[in-house]
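Quick one: structure below, then a few questions.
Chain nomenclature is as follows: A, B, C and D, assigned in order of appearance, with residue numbering initiated at 1 for each chain independently.
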C-alpha cells in the first residue's frame, strides 16, 4: 500500500490519486491473473508428468520438445477453440456464472498471498481469514454449477461439495488457530516473520511452526488433510468422482468453461500449498538462519509450495478415494476434536514452555 | 424450470422392473430420484445400464438393463459351420478370448468325440491361463479405477501388455485370438515362446506383490470394500453365480479341480476361496482378492505346464468339411469370470441347430439387483466393479 | 474326482468329458415318482435328456432340488429350442454337493408356448427364463417379471425361432427402432 | 483518496446490495433467491471493508456465505429440487397488512436513523487491524453476551442432534 503514494508522488503527480489507485489495482490484477494461469499451466503439466512417472510411463513427450512442456498450452488452446455447449435444459444464467465464480474465488485468494517480504498484492491484516473466506465463494460456485447443469450426477456433485465444504471448513480453520495464537496476528507476512526464530532463539528450520511443538505438528498434518478435502483432491475428490458421478459438477461443461474449472482446481491447489508453507513451514525462510540464506525469498517460497503440490499429486496417484460417510466421519470424529485439543494443547505449551 | 427429481413420480416402477414397489416417504419430505447409471457411465464397464432409485446418496434399488451390445451370437451360431464359429466366441467375453475359444472347442470335441493331442492340451492350458491372468489384471486395474486409485490401473495394464505380446507372437491377435481351434490349436508355439513366458512369469509375481501393496492392502481400499455388498454362499449358488464370485462367497468350487477337463489334474495348485478376512464373507474385498490370489495360482499352473510340454502334433485331424454326428451336448469350462457353458444341438449337418451360450457374467449380474438395496452410490460402484462384468458376454 | 484322477488310472480316450451326467439314472427315479408326467429318456449322445410334461415341471424340479439323492441346487442353464413343430425348453440342473447334471426337456406347442416358471425354485431361473422368453417367445407362467431382456421392449417377434424373418431396414425405421 | 472514488465505491456496493436483495425477494425460484443472496453478502462485505472493518467483513463472508448460504442451498436442493415457489395469491387482506407492516418498520428505522447519535470517526490509517480491538472487547466488556450467545448456540446444536437422532430412529 505504500507503493501507491510513492508512485503517485514520484511519477504520476499530474494524475488524480484515485486514477493511480485504480490503475495500480488493474495492473496488479492483470499480473495476478497471468500468474494464476501460469501456475495452472505448470501444475497441470507437472501433474501429468508426476502421474506418468509414478505409473511407469512417460506422459506428454512431444509437444514443445523437452518432455512435452507445451502440452498444457496446446490443451488450453484446444479448450478455447472447442464448441461451447450449454445443455438445453440447463439454467443458462447460473450455468454461465458458475465457472466465473469458481475461478473468481480461487483468483481472489491470490491477492493476499505474500511471495516475499514485500511481494504481495494486498498486504491484508487478516490474510489467513481472507483466504479461508474466498474458498467459500468457490464452494458456492461449485454448488451453482451442479445445480445449473440440470444433470442428476452434477447435482450430486454439488450436494457433495456443500456437505464436504461445510464440514471441512471447520477443521481447516481450527487447525490454523494454534499458529495464529503463536503469531498473534492474522497477517500472513507477520506470521512468516514470526517464524524467523523459534524457541531458544534458534533460527531456520526450528523457527517454523511445524517444529515448534508437537501440537503444531499434529495441527499441520490435520490442516493438510483438510486442505486436500477443501480443494477436492484425491482421496477426497468426491464432488467430481469420475467413477461414481461421471465428472460431478462439471459433467456438462465443455471448452473454455470447463477450462475455468480446471484452472480453478490447480489455482486452489497452489493456494492450499501456499497456506501450508506460509503458516507452518516458514514461508520464505530457508532451512537455515535468514542471515545465510542465498536463494531469493520468492524462490524459497515457491520451492516449498512446489514440494507441497508434489505431495498432493503423490497422494492423488497413490490412494483410492474415501466414501462420503467415511469422509464425514473423518472430519467430525477425528479432525475437529483434534483441532480443539490442539488449541488447548498449544495454549498450555505456550504458557508453560515459552512463557507467553 | 422443473426440479431434477420430479419425473420420478410419474413412472410405473413395476414396469421398469423394480421389486420394491411401495414408495417410501423420505424424511426430508422430498422425492426419490430416478437416475440412469449407464449405458455410458464410466464405471459400468461397457454398456450396462442401471436404473437407480435413490434417496439422496442411498440407493433403494437398482435395476439392470442389458442388450446394448446384443450381436445375435446365438443366431449366428446357427448359421455358420462349427469351426467358423470360433472367432465369434472371441467376442463373447472379449477379455478372455482364449478361454472362450477353448470352451467352444471342447464342446465340439465332446460332441464329435475328437481326441486332442497332448501337446495341444499343454499349449491350451498355458495360453488360457495367461489369458486368465490378463483378464484378472484388467479387473484389478479397473476396480482400482472405480474406487479412485488410478495408478494400479496402468501398472496392471503394463503387465497385461506383456501377456498380449506373448499371445500375439503365437496367435497374431492381441484381443481376439481365434487360436484354440477344434481339435487343437491353430499353430505350434514359436521357439521363443517358452522362454518369453518364463521370463514374464518370473518377474510377474513381484509385480503382483507390488500391486497388492499399493491397492489390495491399502487401508482406504479395505475400508471401501470390506463389508460392502456381501453375497452369501446359498444365494450365490441359487442365483447361478460361478467362478470368482462363487469362490469369494466361501464355496470351494473350481471346475479345473473339481471337474478337471483337459489336463488340469496334472498340476499342483490351490483353489482360492474367500475367507472374509477383512469383513464379512463374500464382500467385495473377497471378490477382488480371490482374483488377485488366482493370478498367483495361474502362474503356478503356467510354470508347470511349460515344464511339461511334450513333443508331438499340435492338432488332431479334423476333416475340412467337418460334420459332427447328430446329438446334443453341454459343456462348461472355468473362465476368468465363471463357468462358460455351450449347449450345442447338432443334426449331423455342417451347422449346429442350436448354440446356446451360457455366459457367466449374465448369471452373475442377476444378483446385482438384490445386492443393491439400501446402499450408497459409492458402494454400489464398488459392488458392480467387483462383479467384473463384460457386457459382450451378458448381451451376446 | 480329484482324488480318483490322482490315483493314477489312465483316463478314457475321449477327454474333455469330466462332467457327470446322471440323466439316465434319474429317469427311472422320476418315472416312479411322477409316472406319466415323465415322458421319455432321449437317446441323443453324448448327453441325454428326460422329456417331461410342462405342467409337472415345477414339482419335478422341486423334487430334484430337495431330494437328498439329487440335491440339484443350481439351475445351470435354461434354453429354448426350436424343433419345427414344437418349441422346447431345456433345463440343465446341476448339483454342487453331488457333482452331477440332470437334463430336463419339456415341449410346448408353437402357438401357445406356456411353461410354468421355476423362478421360485431357483432365482437364477428369473433371468434365464426372461432370455428364453425374449428370444423364443415362450411364456413362463407365474414369472415375477417377464419382460424382454436383451432386445428392446418394442421389438416384434422372437429371433431365435427358425421361422423368424429379419425385418427390413424400412420396416425397422417404420417402427422407430 | 479522491472524494468521487469513495462515492463510486459506496454507490456501486449499494447498488449491488439492493439489486441482489430485490432479486432475492422477488425471484421465482428458491435457488435463484439463494444465489442472489450471495451477491448481497458480497456487497455487505464490501461495505464493511470500505468502513475499515476488515475482520467483520471477512467474518461476514465466512459465516454467511461459507456456512449459512451453503447450508441453505443444500437444503433447497434436497427438498423439492428447488422448483417453483408457491406464490401466495395477492388477496385484498394481504396488501393492506403488508403495507402496514412495512410502514411500521420504516417508521421505526427512520426514527433510529435520525435520532441515534452516530459516533463518526475518521480513520487515520486504513491498515489498522481491528481484530485485536474486537478480541479484547469480546473478552472484557462483552464477555457476558458473548458467553450467553455461545451457550445458546450450543443448545441449538445439541437440540439439532437430538432431533436428527430421533428422526433416524423412527425411520428404522
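FYI, a residue touches a chain if its C-beta (ideal position, glycine included) is under 8 Å from a C-beta of that chain, and two chains touch if they have at least 3 such contacts.
What you see is a predicted model, and the numbers here were worked out from it, not measured in a lab.
Please indicate which chain is farthest from subunit B, where distance is taken between mean Cα coordinates of the chains.
Chain centre farthest from subunit B's centre: D.
Which chain has its Cα centroid closest to the overall Cα centroid?
B
How many angstrom lie between the CA centroids of subunit C and subunit D, rounded to a whole number?
Inter-chain centre distance comes to 70 Å.
Distance from the CA centroid of subunit A to that of subunit B, rounded to the nearest Å?
Chain centres of subunit A and subunit B, defined by C-alpha means, are spaced 44 Å apart.
Give, as an integer number of Å, the spacing between the C-alpha centres of subunit D and subunit B.
Spacing between the chain centres: roughly 58 Å.
Report, in whole Å, the distance between the mean C-alpha point of subunit A and the mean C-alpha point of subunit D.
Distance between chain centres: 27 Å.
Please list all residues of subunit A that touch 2 or more other chains.
Within subunit A, the residues that touch at least two other chains are 91, 155, 159.
Where does subunit B touch two or more other chains at once, residue-wise?
Touching at least two other chains: 1, 4-5, 56.
Could you check subunit D for residues that touch two or more other chains and list them?
Answer for subunit D, listing residues that touch two or more other chains: 78, 82.
With touch defined as at the start, can you tell me which subunit B residues reach subunit C in the complex?
For subunit B paired with subunit C, touching residues are 15, 17, 19, 66-67, 70, 72, 74-75, 78, 106, 109-111, 113, 115-116, 121, 235, 237-240, 251, 253, 257-262, 265, 325-332, 339, 341, 343, 345, 353-354, 356, 358, 362-363, 365-366, 370, 395-396.
Which subunit C residues qualify as touching subunit B in the complex?
Per the stated touch rule, the residues are 1-2, 5-6, 13-20, 44-47, 49, 73-77, 79, 81-82, 90, 92, 96, 99, 101, 103, 122-124, 126-128, 131, 135, 144-145, 147-152, 159-160.
Which part of subunit D faces subunit A closely enough to touch in the complex?
1-2, 4-5, 31-32, 35, 38, 42, 54-55, 58-59, 61-62, 65-67, 69-71, 73-74, 77-78, 82, 126-131
Applying the document's contact rule, which stretches of subunit A touch subunit D when the two form their complex?
Listed in rising order, the residues of subunit A that touch subunit D are 1, 16-18, 21-22, 91, 94, 97, 123-126, 129-130, 132-133, 135-137, 139-140, 143-144, 147, 155, 158-159, 162-163, 165-166, 169, 185-187.
Okay, in this complex, where on subunit B does subunit A touch?
Subunit B residues touching subunit A: 1, 4-5, 33, 35, 41-43, 56-57, 144-151, 154-155, 158, 214-215, 218, 220-221, 223-224, 376-379, 381, 385.
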